[in-house]
Amino acid sequence: MDRALERRRAPLNGLPRWFVAAVAVPPAAFLLLFYVWPFVTLLARGLGGADVAATLSRSDTWRILWFTTWQATASTALTIVIGLAPTWAVSRFDFAFRRVFVSTLTAVFVLPTVVVGAAFLAVLPDALDRSIWAILGAHVAFNLAVVVRTVGSAWERLPSDLDHAAAALGAGPFTTFRLITLPLLRSSISASAAIVFLFTFTSFGVIRVLGTAGRPTIEVEVWRRATQLGDIGGAATLTILQLLALGGLVAWTTVQQRRHAIAIRGEAPRRRPRPVGRQIAHVTGAVGVTTLIVAAPLLALVERSLRSGDGYSLAAWRSLGNNEIRPGLRLGVDPLGALQRSATTAVWATLFAMVIGATAVVAISALGRTGKVLDAGLMLPLGTSAITIGFGMLITFDTPPVDWRAEWWLVPIGHALVATPFVVRSALSVVRTIPADRAAAAATLGASPVRAWANTTLPALRRPFAAAAGLAAAISLGEFGATSFLTRSGSDTLPIAIERLLGRTGRLFQAQAFALSTILAVATIGIVLLVDRGGDRARRS
Amino acid sequence: MKRLPSITTAVTTAVAVAVALVAVSACSGDEPDTITLLAYESFPSEPDGPIALALDEFTEQTGIEVEVVISGDTGTMLSKAALTAGNPEADVMWGVDNTFLSRAISTGVFEPYEAVELDAIPAEFTSLVPNAEATPVDFGDVCVNYDISALVNDDVEPPTTLADLTLPQFAGKLVVENPATSSPGLAFLLATIAQFGEEGWEQYWQQLRANDVEVVSGWSDAYYSEFSGSGGDRPLVVSYGSSPPFEVIYAEPPLTEAASGVVESSCYRQVEFAGILSGTDAPDGARALIDFLVSERFQREVALNLFVFPVNPAVELDQAFVDFATIPDSPITIDPILIDANRTEWIERWNAAVLR
Amino acid sequence: MLDVRDVTVRFGETTVLDRAAISVGEATITGLLGPSGSGKSTLLRVIAGIVTPDAGRVVIDGVDVTEVPTHRRSVGMVFQDEQLFPHLDVGANVAFGLRMAGVGSAEREDAVAGLLGLVGLDGFARRTVDRLSGGEAKRVALARSLAPRPRVLLLDEPLTGLDRALRDRLADEIETALRATSTTAVWVTHDADEADRVTDRVVHLGDL
């Protein structure tokens, strides 16, 4: 009797326990070994000894914390303010290239941070190159997709008749926005603000490329202390300081979200109207300006890659294999090698992420409460800064028998850690929509649970897995923070090579960096557009 | 409707591609009789250059191939070595200098070894490493260099002291290296600390900053991109006392007079070391390479390729080098113990005074 | 007092309204009857200024308002699905139009109490709108539209979604409220009985 009940409780129509257990082991082990352990090691290192007192008593620490906070706040505010206009346009109207527009914003969000930094370096006049404006600009362009997607999904569910009702009561467009739309969007705006703040607070690649040595974020300072000053303890303490700040933010937004949740019952309209009359100008303006903010820097990348001397030439592209400072003197950066290494790393990282992600999805959906723990655990790396992950791994895997610093798979594993959450999320959302009846139906037709599962669930996972694989590859190609710690001399990945080339003053090196950035940008955008289109097809079919 | 490739196909393809790529990259490296020499970025690494030819002779003698891997600036290279101590990126490291040496020793980067010809090297160098953690390989002086013709064009007399650099006629003319990442940068910082004292050096740097000093991350950036002698627009650069002969010897057409001069009172003595990285899996080869690096055969390439002085007194120097290089009578030095105790704090304070 | 002259509306290829014309007298209730898809709602939206006509004019009190935006037309509208503001309570919903007109808060509160009494919802002012029943929500929507005293009130199928008994009762109550405030109204419905019951005149959309 008890056993019968037990069996009934297991979802997925009772996959055998040995199967579920076998499948749960790899993701759990992966998480414990490569995330939890390094994380705990880092905590222990940061909290131990005199480093805490030394770090907290340095006035520098507070100055850096202050800069990190205010640039993140300013970036977030700007992103929201600038993002609301295009959000309005895409959630209210249908227009030519609407889909392409949204996909492009998404692609920019997935772009490597180093590439976005390089793009703003390319587009801004020299006077602004290493100014706070460059940093803010890059952060805004980067995160617009967060606002457009998060706020947009709430906005398109707001019936437009709500605006009309307000207008019929005498409220002009701006008043309607202020008194009706804004309060109703408030919880989605604060949700996207929290995400943008998280990303900009832990900004690393953009600051490394666009910031000055005297104005680091906590993330950059951790890197500088660890890799330039050799101050491991101080760097670890700073990591903890950053974690505390982020923990506070998460707690605060959770409370805010709960307090201001307003149920919006509407659904997204099947068809959005085309803009008419004055709307045409407004929509064109909003979409045009946004496209300019996002696309101009990317075009500037290409333009600058062709400008290595006076006038335009392909010199930088042709000399990608070579970086002599002077005959006989080389930079130690091998762009072509980096290209090949990045490709290899991406393939492996994708493979690791897919194996871990796929087994995790099966385990999570079969395991009930334990599954939820695994699910939450696998999401953690997403909220952890890349620096924390790379730094933790570097100081954990440095003693035999786990001295893995020289292993070729360490960098792809680090990338897989960041990419796995995406695989799990996109696949789980599909698994949860599969009616349990379908497996039951297969079972009544005589299929064993494993067979029924293979016949009903597996085919549905094909598309989300293909999309997730694309995303994982894109993430790996652009990963910079964790790689900065794990990479070894002579085996740089593309983003590392780009940053090193950008740090040089020679025009040819700059142009080479822009050429490599162009390659990386094209690869990432291509992957995202492909994944996005695949997703659309799946939705339509 | 076109379908996306199935997941099985995708995975199979991915595995195939990955295996192929790894196979390709595996072919190129890691034979047991190859050792890796890690060096700072201004180390010449062209395949057919004199340094490479010298290393080829080492291969002929011992059967051991040497692969040169270029890291970043000295500071970055050393920090990376500290983080990878015990499982190093290479077998031998070239180029830690006396300003960074104590850090390398305290972080256990090196495995002690006494080179065969160590006794031939003057005690003023070997005394810096009493336990033979590293082996001195060259020395030189970090000095402010000036572009003679650029100063003549501006109708400005060359500076003669460090204090001169804060004068208005040198505004916007000096480029230095960041002491956190660059060894000549650190040496120059130490020179100013020795000159102006614990109380005064920050103020001096604030004056330099007000005089629009430019800071770049490494020597090759400073010398090859910013210095007017090589096409940049700053006529004053922190470089080496042996930089002028370089300009004479490699000039086209050949010069008979130096194009750049050295501010002798600004010179800080720098000794560079090579060492065996602890945890190397080829300790015998690494020892043989250290022996070779201080041998007369390799040492005679040091002057004309790295533009520093060889530590091996058996080497005869090129006449142009002797004529145009500056070896100051009393270069500035600071006690290594003092450097070790204060390096991080000095760099932080410099950061605060100059970069913020 | 309200004149719709030869209004044509096209959505892409389809012509929804073809030279529709209607004239409504002061303080009358005009029923607009027609099958679904006949363009009734579109006509209301043209009058309200939510939809811009491809041709034709809308004239209120002798003034051509075709180019005037909705919020300056003094036209009230009761939507099919009420469109109450979910983040405001009942009182604030009803007071919204008065607030837009710059009426002071004390005065607003009195007016809200009066209007809620008129639609039979005494004491509802502090309620949140997501707790209202279907009939209550309709009454709040009516009270909200009446509050700023619009020159024309447009009702777009105000009774859909309610059961028969409630519809009849609510229809009478709305009529009473409209008569009590001498409001000029256009009442769209697809139910001939409902139209006959409450309106002074019924216009079939096919007849326009």
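Letters A, B and C name the chains as they come in the text, with residue numbers starting at 1 for each one.
Rule of thumb we're sticking to: a residue touches a chain if its C-beta (ideal position, glycine included) is under 8 Å from a C-beta of that chain, and two chains touch if they have at least 3 such contacts.
Note that the coordinates shown come from a computational prediction; the quantities given were computed from them, not determined experimentally.
Comparing chain C-alpha centroids with the centroid of the full set of protein C-alpha atoms picks out A as the closest.
Ranked by C-beta contact pairs, the top pair of chains is A-B.
One finds 38 Å separating the Cα centroids of chain A and chain B.
Chain geometry summary: the mean Cα position of chain B and that of chain C are 83 Å apart.
Rounded to whole angstrom units, the spacing between the C-alpha centres of chain A and chain C is 48. Counting only residues that touch two or more partner chains, chain A has none.
Chain C meets chain A in the complex at residues 45, 48-50, 52, 69-72, 74-77, 79, 81, 83, 85-87, 96-97, 100-101, 130, 144-145, 147-148, 150.
Across the complex, chain B meets chain A through its residues 1, 4-7, 10-11, 14-15, 17-18, 21-22, 25, 36, 38, 41-42, 44-46, 49, 69-72, 75-80, 82-84, 86-87, 89-90, 103, 107, 178, 180-181, 215-217, 220-221, 224-226, 305, 344, 347-348, 351-352, 355-356. Taken in their complex, chain A has these residues touching chain B: 60, 212-215, 224, 226-232, 324-332, 340-341, 343-344, 347-348, 350-351, 354, 394-395, 398-399, 403, 405-406, 408, 461-463, 465-466, 469, 485, 488-490, 500, 503-506, 534, 537, 541.
If you check the complex, the residues on chain A that touch chain C are 159, 161-162, 164-173, 175-176, 179-180, 183-184, 262-265, 276-277.
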